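Look at the two complexes coming up: subunit A is in both, with subunit B in one and subunit C in the other.
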Partner chain A sequence: MSATTQQISAPSPGIVLRLKRYMLRHPGVARLGVVLLLFVAWEIAARWFVDPMFLAPPSKVLFAFDDVLATRGVPAALRLTFFELAIAFSIAVVIGVVVGLAVGLSKFGNRSFMPIILLLYGIPQITILPIFILYFGIGAASKIAFGVTHGMFPIMMAVVAGVQNIKPILMVSARSMGASRWQILRYVIYPHMIPSFFSGMRLGMTGVLLGVLLAELYVSTAGIGYFTSVFTQNFDPTKLLGLVAMLAAMAIVLNEVVRRAEVHFARWRD
Partner chain B sequence: MSAPRDRFKGGLASRLVQVGFLVAISVLWYLATTRWGVNKLLLPNPLNVWDQLVDVIAKGEYLNDLRITLTELAFAFAISMVSGTLIGFAISRSPYFTKVFEPLFAGIYSIPIILFLPLYVLFFGLGPASKIALGTTISFFPVVLSTIAGFSNVDRVLVTAAKSMGASDYQLFRYVLVPAALPVILTGLRMGFTVALLSIIGSETIASLGGLGHRIVNLAENMDMARMFAYIVFAIAIAAFLNTTVSVLEARGKRQR
Partner chain C sequence: MTTIATPDAAKADAAIRVRNVSHHFGEEGEARHVRALLDTSLDVERGELLCLIGPSGCGKSTLLNVMGGLFEPTTGTVTVGDKPVRGPMPHDIAFIFQENALFPWNTIFENIMLGMTFQGVPKSEREDRARRALEAVGLDEFADHYPSQLSGGMRQRAALARALSLETSILLMDEPFGALDEQTRMVLGEDLSVLLSRSKKTIVFVTHSLGEAVFLADRVAVFSARPGTIKEVIEIDEPHPRKPEFMTSAKFHTLRDRLYELLHDEIRKSMSQSAKPKRAYEDAVAKGEA
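For the complex of A and B:
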């Protein structure tokens, strides 16, 4: 009796063991397994344990992407949000670099204005969101403005830090060899700033995403914030989850683009 | 001899610039409301705002909102602190688990989690529960990531030395691992606290029944600008006080080592 059981179950530990060994050698695969397990748990919970008014299983959400995109106004809202993010990020980068250079390049500017920048950066901006809506209206302008103020400070601080990390000897020798201001900016400051500039861009992107999405969720007439509140009020978790998943994907892609750029441009130093 | 004096003069000039900046903003604000006729609905008179602030504090009207916000913050931070450090410690014990889970957490951390607020509201309702849940989720990640980083970067030599001197598991934990990992964990806890506070005020602003964020929105909707500005100043002061307290605690915790 026991012999047959052993014979029958003999191949299975072999597979388990091999799987275990494979997982041990490939942590990435195991990570994927963890994510899959979470999705399975979610599927089971949503199918059998939770009121469908509040949670939809991931399989349904996946097939509802078409539905979400077919909802009138949603593609336009996604485009609008992307547009707000892009504009806000560009403005934040320009302001961040200009102010960062102006403050970072002079000792006096740095000592005088850095504490002010830190003070402003320390203010929890979410408390002044209603003022932004008041000044810029409930359209795209307030989202862009709120994204800019969230994104520009990290960029500023990264640029200031980058400029300060340039060895003084490089500046002095460039100047003593007769480099003009523009040449110093182009050939000394610019290449040294690149790595910290891109890490500032990454932090700035995080800030812009936060600012724009906060303002969108707070009040919106045509953006994704409008549709999240519609889907919430209609108790339509399938569409809500679908929309949130799309936005999360957008955020991940944007973050990843900036992160890749950072890795790419930071290489020359090594 | 002249170098320190120059530096002192430079420092003084910088202070002057900073004070001048603040004074200029206040004066411009005052002139804009009294002389240049900026609409009161856009920018209230700073003196009115001050009166309202005094009134809010004297009447104790803020107490209920502050209590709600602080309770939500306390619950959210307590949950994420305990779960983040425990889970982080458990994961850091095995380099393999670190490799599996650390990139996963870092990946989720890079998504703006505020996106999930509508889901939380749908699930937990408009009350404090959804704020606590969101604050916990958002502050969990810096805590768990810094705990993993802190414990997995402990110098191998220290661990080997302690073991070879016959330290028990508890002694190893208490006298080697915790002191070595503590600075990184404290930084993570401070970051977690800051983002928990931000996300709780944020979610109160977006959808809620009470709290400081809710009060500000309520006043904005009633166009009661002076009082809204007063509450904004109050909320910023509270946030600054809490963040400073946490930073001081962090610095003290790091020094005690």
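For the complex of A and C:
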């Protein structure tokens, strides 16, 4: 036996294998790598291959923020859009919660009205944008209204889902201890709904952003949407992309705020 | 009807009086119609621990829910003290359920406080009572844990603490250890026996386990198969708190065998029936019937 046994020294793991293991343990590295790679590709494309009328390199965009903000009307546009977003989001949350609770808490409401909500949610609303302009004018009102109708449905659905899959035993238990209807709503249904409500709010926020900006692009008299079309028509990709980057940053920050709140309120789910 | 084993003299002092209670789920003629409980009468004496035992689907949980006012019986009446039961009676009756009924978004301490909020305990008393209840079940170190961070046995202890903090004279326990492993339930059973011998509460305890019934109960009410009614009531004459040695005594085994004898045919009968009642029961709970 011993004669036929060959001593094979275990090869030390190769560089490829080690890199693979490292990547698996640090998913953030790969993520960052892909993002950087995209920026590099963009930089190269913009510098050497694409007509500068259509694309600006990220290095230039990054330093164009000052320029964008110095453009007459842009700070006011940012303020206006932000105002429209805030108002639209607040209204969407209120409508979403009220309708969601009304529909979600009763079997009758759920059976009767849920199909209507699903149907309305399914309509691509961009097709009826002109009607919004017709009814609400070309000012902030139509943008807010369009933002509301985009944002309220995901919130509604989340609230309905949130109040529905509650464990019956929790309601029975609360009732057996003498909880009133209001107390059940406040101490059982509300906390149960919170995590789902927050994910609904995140979707709703995206919806509101979409609605408001679409309306601004369409009507084009003020706001960020207006300036994106101005910069596009002037073949000024640096400012356009700078503005878009600011907008993206704003969306990310808002989203992150809601996500943090969600994590905080759902900390019992571990 | 013929199976009330309580002497007339004791009736005057009954904590819970059940008279001719029948309960159906669903409407007559419907596919989901189930006769869960048939013409059942029973007196629960003050300060005793009464076990309800029977084959699954025999209506013992239904009877417990009727006693506590969570289901309204189709016919018959229940009185607690001298008040007729027409809905939950949080000042007289506390429940402990088989399923984990703690609010997952509240810590154990908050759960106990919330129970007292529902019951209407003045704010100034709540914290004190919550601490005492936690100590009584040995969970004082886990006050700030969420239910998901505790084991099944600890969760049921917490549920017991919540019920104790309500300081009701009656505890209704629906297979409280049903979802736990045998070793855990044995230990919890012993603890419960100690705890209750001190508290003088009236307890009705639903169980599947013959051993648990004999070990804990002063009396065991044996149910027939569906539609269930009480077939016989057996006395377990052994002082509380019960020692683990009781479980290995000849007396324990004689009583346990007697129970098994009574139950055996009923279990066979119930196994030939469909699983319908369980579902009807769960639907009723989900609907919050009563």
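The working rule: the second predicted complex is superposed on the first by the 237 of 270 C-alpha atoms of A that agree within 3 Å, B and C clash if a C-alpha of one lies under 4 Å from a C-alpha of the other, contacts with A are read in each partner's own complex, and residues count from 1 in each chain.
To be clear about the criterion, a contact is a pair of C-beta atoms (placed from the backbone, for glycine too) under 8 Å apart; a residue touches a chain by one contact, two chains touch by 3 or more.
Everything numeric here is computed off the predicted structure, so don't read it as measured data.
When the two complexes are overlaid on their common chain A, residue A:L62 makes contact with neither subunit B nor subunit C.
Touch criterion met: A:L210 reaches subunit B, while subunit C stays clear of it. Using the contact criterion defined above for the overlaid structures, shared-chain residue A:L129 touches subunit B, although it does not reach subunit C. Judged by the touch definition given at the top, the superposed model places A:T232 against subunit B, while subunit C stays out of reach. Between subunit B and subunit C, the partner in contact with more residues of subunit A is B.
Using the contact criterion defined above for the overlaid structures, shared-chain residue A:I166 touches neither subunit B nor subunit C, since it reaches no partner.
Contacts of A:I95 after superposition: neither subunit B nor subunit C is touched. Within the superposed three-chain model, A:Y187 lies in touch with subunit C and out of touch with subunit B [touch as defined at top]. In the superposition on chain A, A:F108 makes contact with subunit B only, not with subunit C. Overlap of the subunit B and subunit C contact sets on subunit A: empty, with no shared residue. Subunit A makes touch with subunit B in their complex at residues 24, 27, 30-31, 34-35, 54-55, 107-108, 111-113, 115-116, 122-124, 126-131, 133-135, 206, 209-210, 213-214, 217-218, 228-229, 231-232, 235, 237, 240-241, 244, 247-248, 251-252, 255.
Subunit B meets subunit A in the complex at residues 10-11, 13-14, 17-18, 21, 41-42, 96, 99-101, 103-104, 107, 110-112, 114-119, 121-123, 197-198, 201-202, 205-206, 212-213, 216-217, 220, 228, 232, 235-236, 239-240, 243. Residues 167-180, 183, 187-188, 191-192, 194, 268-270 of subunit A are the ones touching subunit C in the complex. Taken together, the subunit C residues at the contact with subunit A in this complex read 68, 70, 88, 90-91, 93-95, 97, 99-101, 103-106, 114-115, 117-120, 146, 148-149, 166, 282, 285-286, 288.
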